[in-house]
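So, here's a batch of structures to check.
Two complexes follow with chain A in common, the first pairing it with chain B and the second with chain C.
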Partner chain A sequence: MEKPLNQINRRQFFFQAALWAGLGVLGTTLAWIFGDLWSAAGRFSSARWVPVTPVNQLPLEGVIPFPEYRIALFRAGQKIGAISLECTHLGCLVNVVDRGFFCPCHGSYFGPLGQVYSGPATLPLPWHRVMDRGGWIWVHLGKKLGSRQWLEVKQGEKKFEKGMEGV
Partner chain B sequence: MIADISINLSGIPSREHCLTCHPQGRAVRVSGRDLLLQKSHPPISPHSIDDLGCTACHLGEGMARDLVISHGRLGNEARKVLAGQDLQASCYRCHDLKPLPGAEKAWQGFQLFSTNACDACHNVDGLAGGRYGPDLSAIGSFLGLKQIQKAIEDPKADPKNSIMPKFSLSPEQIQAISYFLKSRTSKSLHETPMIKKVRMKEQARIRGKGLEKVPEGGKAILREKKCLACHKFGEEDGQIAPDLTHMAFMRGEDYIKTFLYTPGKEIPGAIMPWIRMTQEEEKRIVHSLQERGKEGRLHGTDAKRLYMMICQRCHAAQGDGLGTIQPNLANFPRAFWKNQEFFKRIPDERIVKSIGKGIPGTSMPPFGELLGHEGVDSLIHLIFHEFIRIKRSEKRSDLTLPTPPAEMLPRDKTEKDFGKYCSSCHGVAGNGKGPEYLKYLPRPRDLTNGPFFRSITDDRIARAISDGVPGTGMGPFRDKISPETIWSLVNRIRELSGSDGKTAESN
Partner chain C sequence: MEKRRHFFQHLHPPMIRRRTLHPLSTMGLGILCLACFLVLAATGLTLLLYYVPYPEVAYDRILHIVTALRYGRLLRTLHYLAANVLIVAGILHLARVFWTGSYQGRGMNWTYGLLLLGLIFLSNFTGYILPWDQTSYWAVKVGSSLAEYFPGIGPSLKSFLLGGEDISQETLLRSFALHVAILPFLWGLLISLHFWRIRRDGGLAAPEEERPERLASAPWLFRAEMAAGLLALAFLLLLALFLEAPLSSRADPLHPPNPAKAPWYFVGIQEMVSYSATWGGVVIPALIGLFLFLAPVLDRAKPTAGRWFARERRVLNFIFMMVILSQGFMILIGQWFRGENWVFKIPW
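Let's turn to the complex of A and B:
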């Protein structure tokens, strides 16, 4: 008697069911392992987008240092920028001073936009990429940019009307 | 025969050949080609050489093949072999920061580190320090004990432009601090990156809460926030920063509050770090500073005593401006001793005003209220009589200033002139830190000092450029540059200091 093409016997059915279930479990496990690795790689590396602060916490004018991320955020009205706080000489953390940046290790002095005022550093402070997502300022900590990059934030939104009273 | 041991220190594999020359860890003396065994290794239970190896405590390079490298004499002596008492510099590489038998000095060093407010500027991972000075979390991996001691003993030796003040510490105290700092290394032997991260998060939480218990009234809060590690208040003196005894009375509450948050706004170039504090603590600090002011003025005090009480810390007992705290001030205190030329040139009203109203943008506070008219007068008399040694009325008639031209020179020409004549000392940006600024004491004036330049007239700036400032490195430019250039440079300085457009008050 000839077997219909689309029919399988009991033994084959169990075999295939077990095979697919096994493959499914294996795939899920692997996906979970790789997913965990992927997120762990980000967890311990600084080269990624990081939410730094809510936009409405930033003063309308000024420079706010975030030493834990080794950056400072600028705000000039609608424009926001992120500058690296790593000295271009030997990598010390520079201080935000009244007009510009000062490196405590060897006394390099940088202007308000990171330009070199006095050595030993010879290169201006690099900048970082910035974006605005859900009212937070995100900064990409991995890549340093040679040119200045500003993020334009729209004015007239409610979140900007409260200035910096509490900051 | 090479004695080869492998050990594992908290996940860091390490292989060493030290025991080849030092069997069972014994000390060795070299005589010709022979090694003479000296005293044996002291008992170190519960530690053992089999578990820890040698370099975990003694440092050095375990796999090196010659004496110089294996004993770590290269590279700032960061890996120089530690022995004897110095060995306690290694204890806190693994152990938590709490008292340990045998590591008393290192523990004392940790306490000195915090009581002397080192952590107000320097961050050390796990101690939540300030970010004003270089991070010392891994200093032990970069410098040897001797180098750390030298850096604390004379901070301005290297680099020369360092802003770290010289603390009044005994050699023993400096040694103790160096033991503690030597144990701060980049490869932590007791913390994995995960534990480190957890601890830092915990600290951020504790820091956010602020201090639970703030001691009541008086000097306690100043001690708690380590103000007195540098400043003087009453009888307590840190010998590094200005006297705060009458400061709130002289400067007023608003000034103090602004200064606590942005020292550089009131006195550009001030080296005081920003201190983290809650609003409650700030209130208490201002309050305890004001308490003293109520005690009253110093009217009717003898001039010599007054000078020793309020002038001497900056202007020095011998009046040459090299007072105890002078190296830590943003601006050099005016020298009186043998500075006759300077005092012959300035009008008497300016001297009275400087003492009575203070000098904006510098550490000179207004003493008028505190001393009263007679006090100021008697001080000026004393200064002229004892230090300057000329009659107070003896003034030199000045050369006439060049008249301001109808039209200033074009901007790029002025910038060129500034670069040619001024920037070697005052810096291209005018911040007083040009390539040659360290050659001069008094240091070149910071031309970006807004508060200072807002308080002086155009004439005075032009006078300083054309006739120089006696007693400083600033020479006369009258014969070198044209009147138009002088006045264009005055304009340039107004731009740099952000004081253009604002009419300077008349003298």
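Let's turn to the complex of A and C:
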């Protein structure tokens, strides 16, 4: 005689437990991934994270201004940083000069890491967060940082990823 | 105990034939299609949060999704894989229904199925242009010019799809609208009709002698469908481990690649057109379409529904086999054996 469906033996119980646990793990993983994707706009909006340049096009030492993004990238060997080019006085675009940054509007002079050498500005140039994705330097333009932040990259052997040529 | 029936039980008949559950009856291909569709809906609705249908921006957004967005590469790859698997699964499902003669007496659902196949192609084609990269740009260019060969509706179909005479900003916006709004609406409609019709027609087609053996749908059919659906999901996730949705360089209207190829599912037609525009671009596709749509009318055999390759239907089965094989062969040649200026080349 067949047993009613709602009576199960121990083996069936363990099988069902494992099945539901597996489904639970799968469901949770997918929910996590999609939840992360749905909530990522604040963190990864392209208005904030912007691909600026391939790593291997930065000279090993020096400062390269990107006025279109109102930032400059530093590179000192394996360390890369992004500094804001907006003067902390009234927001003019500062120029990269020999030893630091100079604001053409009111003559504020900043040191090579953004520290104030002379006024009228009183605050140092802020920094931006930097990351390395697929051989490109991405800079977080949405938020300025009070403290310096460096990105460590491996020495110049990073290759272009497939599909990146057109950027 | 009074059992309450939930929505999915209403979607299914209360009892099914035992053979419905046999893996060889359907090979789970309909469920595979549905699973692909659900994956496409989930990933597509998520991609919709990040994509912008504007030529200056679209490519950057895709690049952004696959580089800076966590799980973004997986997201796009799953969407791409599910779309391509859906083409293959849809055609295999069509073949299963044909070779088991399951369309007999079910002309309506056969027609819905063919319309769904058309939606698969349209959705794939409109999705193809959205990344706005070099491959997709030129593939859509070639694909839309294939449409032009068709007399009468061809040119207007092309200018409807492109939103003008050539690929432009309008094309992108139009493909986007079709891809994310108009076609999904039709998808929902036709999938509902397709499922409803299976129930109306009395479940899976089956030979007369196997009709009496019956089982409750709950839980047996639900379990079988869940298992097939989970296998399909596992298959897609497994593929996503090894494959990646391609993205070439940014679309450049001034530099066509040579050869410029249509998306793989239209390369067969492109290959046929390279022999003769009239035969390859008009006559043969029209004959294939007519044959498929008229199959329930052409079929004069006594009902053999549910039996694979029934002798009574051998002529139709043979014609269908020839259609599948020849189109597969044309795609194979067009995709891998054609080099610059569409000259035959050995790929190795």
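By definition in this document, the second predicted complex is superposed on the first by the 108 of 167 C-alpha atoms of A that agree within 3 Å, B and C clash if a C-alpha of one lies under 4 Å from a C-alpha of the other, contacts with A are read in each partner's own complex, and residues count from 1 in each chain.
As a convention for this text, contacts are C-beta pairs under 8 Å (C-beta built on N, C-alpha and C of every residue); 3 or more make two chains touch, one makes a residue touch a chain.
In this text the structure is predicted, and so the values were computed from the model without any measurement.
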item: Which of chain B and chain C A:107 touches, first, second, both or neither; value: first
item: Dominant toucher of chain A (residue count), chain B or chain C; value: C
item: Which of chain B and chain C A:97 touches, first, second, both or neither; value: first
item: Partner chain in contact with A:138 - chain B first, chain C second, else both or neither; value: second
item: Chain A positions touched by chain B in one structure and by chain C in the second; value: 44
item: Chain A residues within the chain C interface of the complex; value: 5, 23, 26, 33-34, 36-38, 40-41, 44, 46, 49, 51, 131, 133-134, 136, 138, 161-167
item: Chain A-facing residues of chain C, complex; value: 42, 46, 49-50, 59-61, 63-64, 67-72, 74-75, 133-134, 219, 230, 233, 246-250, 252
item: Partner chain B, residues of chain A touching it in the complex; value: 44, 65, 67, 92-93, 95, 97-100, 104-107, 109, 111, 117-119
item: Residue ranges of chain B touching chain A (in the complex, touch as defined); value: 121, 123, 131-135, 159, 161-163, 193, 262, 264-265, 268, 427-429, 431, 433-435, 448
